[in-house]
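Consider the two complexes below, in which chain A is the common component and chain B and chain C are the respective partners.
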Partner chain A sequence: MRLFWSYGLFISILCIIGFYCILVTYNLIRALVGLEILIKAATLLIIVAGYITGHEALAQSLVITLIVIEAVVITVAVGIVLGIRSHNNSLDARKIRNLKG
Partner chain B sequence: MYSSLILLPFLSVIALNLPFRNLMKKLAFVVCLLVLLVQISLIVCPSICIWSNDLDIFGSFLQFNFAVDNLSRVMLFCIGIVLLAALFVQRYIIDDEERIFNFVNVLLLILIGMDGIVMVRDIFSLYIFLEITAVGSFILIGFNKDVDAFEAAFKYIILSVVATVLMLSSIALLLIVSGSTSFSSISDALKTSPDSLLISSAVAIFLCACFIKAGLIPFHGWLADTYSAAPAAVSVLLAGIVTKTVGAYTLIRIVNSVFGFESSINSLLLVIGIISIVIGALAALGQRDFKRMLAYSSISQVGYIILGLGCGTTLGLAGAVFHLFNHSIFKTLLFVNSAAVELETGTTDMNGLSGLSKKMPFTAMTSVVASLSAAGIPPLSGFWSKLIIIMALWMSGFYVYAVIAILASVLTLAYFLSLQRMVFFGRLKEDSANIKEAGLGLMFPALILALIIVAVGLFFPFIINTFILPAGNILGG
Partner chain C sequence: MSVDIIILFTFIMAALWTVMTRSLLRSAIGLALTSAILSIIMFRLNSPLAAVFELSVCSGLISVLFISTISLTHPLTQKEVLEHMRERLARFWLLPFIVIVLGITLSLIDIRPVIKLPLPETVKDVRVVLWNLRQVDVMGQIIILLTGVFGVVILFKERVKK
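Showing the complex of A and B:
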């Protein structure tokens, strides 16, 4: 379990970096990078969980599936960002504020 | 037998994209219609002979644990009905073969995703199907390449991925506790192992992810934007079933079969539910956009579902499932009506609309039925589900919550009446001479949905004993 907490420290630092990245940046692509960092933290957590409990094979198959799905999600997200860019000619989040209320 | 609900749409997607695409473009609508009709007929009459057990040969290729109980059956029926309505709306609004073909492909993917969510008994497969549904929704929100829709889709992506990350972290923590990902073994492990920080944080994180996916109040930022900026047919789809399946259903399933009803979970659900009901209703009162008001009303109604779940009793669970069913029917009907209004007048801003009931009597009539059902006026279906939820709250001793839920029901009536007054009643504007009733393509789904609302309300004694109480009772069977 001590092993878990030392990995856990690193994972929580990754999480904080990811959230900070999403919250602070105005650039849409950087926000997606932040999301990627967050997903990487979760991936690492699953690997550690498999390693501690001795279910490495299960954790591996979960992680491979996860990587595939995450790639699909981020691809669609980049597609949406491209759509925004073709309308606004910029990647600045401050320029997309039509929806509120 | 039920694995064909996944395989059939999957094979149709493959068949649609094989060679002969020009032929398939003509057939796409019919294929999707057939798949959805098969799903509905399979749920309504499970004993049709063509669904013999021989199809399980195909099912053996799938490495998922599928199981179907009464709750899943209710959800599968809703999924079929709402997707059918969305398909008709899209077909009526867009008459372009190519775009219908694209829409049908993504719709079938979403169908796979939601059928999977409803049937899986494994927490990681649940995550996979949630992502399939979410990706399909992202694509459909931006379907018209409208800049507002892209903005809404981006917000939805950010919050949805954050929810996903929370869910994955929770899955990893549960993996440490139980060493497995299936519902039953996690549930057993949680019962035997002592309370610890690890378990309670895993439970809290998972519930939080479900709240984001369902758009409940502290996490509702994306929901109103998404519903109001998405194309009409996609609003029908999202509001009617997608957020209910990925959020509310997942919550019901996870709390019921994995975490179990503990007092801390129950009180969390009750508090979040009551906050969503009250703030959602108050926010809906202030809206001046047709679809935005419906979106906030959606938040408020999902609050009732969570409140019913939070009772922790069989009756409360039955009420939650019944309200989930009713909500997907009447909210779909209201969004079909808003699609008709948007198509005929070109706007959803309620300040620019007035007196439409003279020009669109059928749309006005069906939307009155749906609004009254949502507000809980007897004998429409919404009354009975709210009654069950409030009775369950009262019997469990949550008197304050029950009273607030009743009072918030008055708020529901208030915003729906103001919607009706501004859009459908009052004086007709001078420049609206060429507004006409929406065509058959929109009237047909609206008629079916209105009939379901009235029929479920009138035949309530039959329905409650046949479907709803079993759904609360025998969740395992």
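Showing the complex of A and C:
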């Protein structure tokens, strides 16, 4: 279980980095980078859990599903970011005021 | 174990550099590096197939996607770059301190979580697990892929001229 805690420490730090990036940045592409880092933390957690419990095959199949979801989410999010950029001519979240009433 | 710790340190450093770097392009490259290091960790944790997927999709495809998106946006002027730099520094200076303090605090705490181990795995082959035991996951992947494809098609659909 010591192994789990060693990896858990690094996974927690990675989560903090991802959350901080999403919370602090105003750039939409950098927010997606933060999201990617959070997904990487989740991926590592699944792999470590699979390694410790001895269910590596199940963990790998879950990670493959996660990677597919990650790729699709990022593709659609990048499309939305490009659409926002073409409408507002900016990637700054503060300048997006189209829905402001 | 010491090699693993060194790789994990490199992993965290790469993630930190990805978030802290000024240029978006460097950030995308940092993300590819982070994925590549994660795939090494996966390989060391007996998950070679997932590692190959991570390396090819996350380190390759998603990085290309980010770099293409960045190339489609216009670069900032010199004045904007200077303003942006000061603003970013004011917002991001706290992150390295948080990471160091959290790392030291968590390493000092000696928690030994009690994990109830499940029954041993009967099927060891990933292909058998994915195609025979987790068929619903495969169906879900197909639906998500189609959702993504239709989403992108709708987003980039040309407007019909009246």
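Just so it is clear, the second predicted complex is superposed on the first by the 96 of 101 C-alpha atoms of A that agree within 3 Å, B and C clash if a C-alpha of one lies under 4 Å from a C-alpha of the other, contacts with A are read in each partner's own complex, and residues count from 1 in each chain.
What we mean here is this: a residue touches a chain if its C-beta (ideal position, glycine included) is under 8 Å from a C-beta of that chain, and two chains touch if they have at least 3 such contacts.
This structure is a prediction, so every number in the text was calculated from the model and none was measured.
Enquirer: Quick one: chain B or chain C, who's touching more of chain A?
Expert: C
Enquirer: May I ask you to decide whether A:L35 touches chain B, chain C, both, or neither, giving the answer as first, second, both or neither?
Expert: Touch status of A:L35: first partner only.
Enquirer: Contact-wise, after the overlay, does A:N27 reach chain B, chain C, both or neither (first, second, both, neither)?
Expert: Touch status of A:N27: second partner only.
Enquirer: Is A:F4 in contact with chain B, with chain C, with both, or with neither (first, second, both, neither)?
Expert: Both partners, chain B and chain C.
Enquirer: Between chain B (first) and chain C (second), which, if any, makes contact with A:V76: first, second, both or neither?
Expert: both
Enquirer: Pick one for A:I64: touches chain B only (first), chain C only (second), both, or neither.
Expert: second
Enquirer: Would you check which partner chain A:I96 touches, where first means chain B only, second means chain C only, and both and neither mean what they say?
Expert: Once the two structures are laid over each other on A, A:I96 reaches chain B alone.
Enquirer: With both complexes overlaid on chain A, does A:H55 touch chain B (first), chain C (second), both or neither?
Expert: The answer is both, since A:H55 touches chain B and chain C.
Enquirer: Please work out whether A:L14 is in contact with chain B alone, chain C alone, both, or neither, and reply first, second, both or neither.
Expert: The answer is second: A:L14 touches chain C but not chain B.
Enquirer: On chain A, what residues does chain B touch that chain C touches as well?
Expert: 4, 18, 43, 48, 50, 52-55, 58-59, 62, 65, 69, 72-73, 76, 79-81, 83
Enquirer: Residues of chain C touching chain A in their complex?
Expert: Per the touch definition, chain C meets chain A at residues 1, 4-5, 8, 11-12, 15-16, 18-19, 24, 27-28, 31, 34-35, 38, 41-42, 45-47, 49-50, 53-54, 57-58, 61-62, 65-66, 69-70, 72-73, 91-92, 94-95, 98-99, 102-103, 106-107, 111-115, 117-118, 120-121, 123-126, 128-130, 133-134, 137, 140-141, 144-145, 147-148, 151-152, 155-156.
Enquirer: Within the complex, which stretch of chain A touches chain C?
Expert: The contact residues of chain A facing chain C are 1-10, 12-14, 16-18, 20-21, 24-25, 27, 29-30, 32-34, 36-37, 40, 43-44, 47-48, 50-65, 67-76, 78-83, 85, 91.
Enquirer: Residue numbers of chain A touching chain B in their complex, please.
Expert: On the chain A side, the touching residues are 4, 18, 22, 28, 31, 35, 38-39, 41-43, 45-46, 48-50, 52-55, 58-59, 62, 65-66, 69, 72-73, 76-77, 79-81, 83-84, 87-88, 96, 98-99, 101.
Enquirer: List the residues on chain B that touch chain A in their complex, please.
Expert: Against chain A, the touching part of chain B is residues 124, 128, 131, 134-135, 138-139, 142, 145, 147-148, 150-155, 157-158, 161-162, 164-165, 168-169, 171-173, 175-176, 179-181, 224-225, 228-229, 287, 289, 292.
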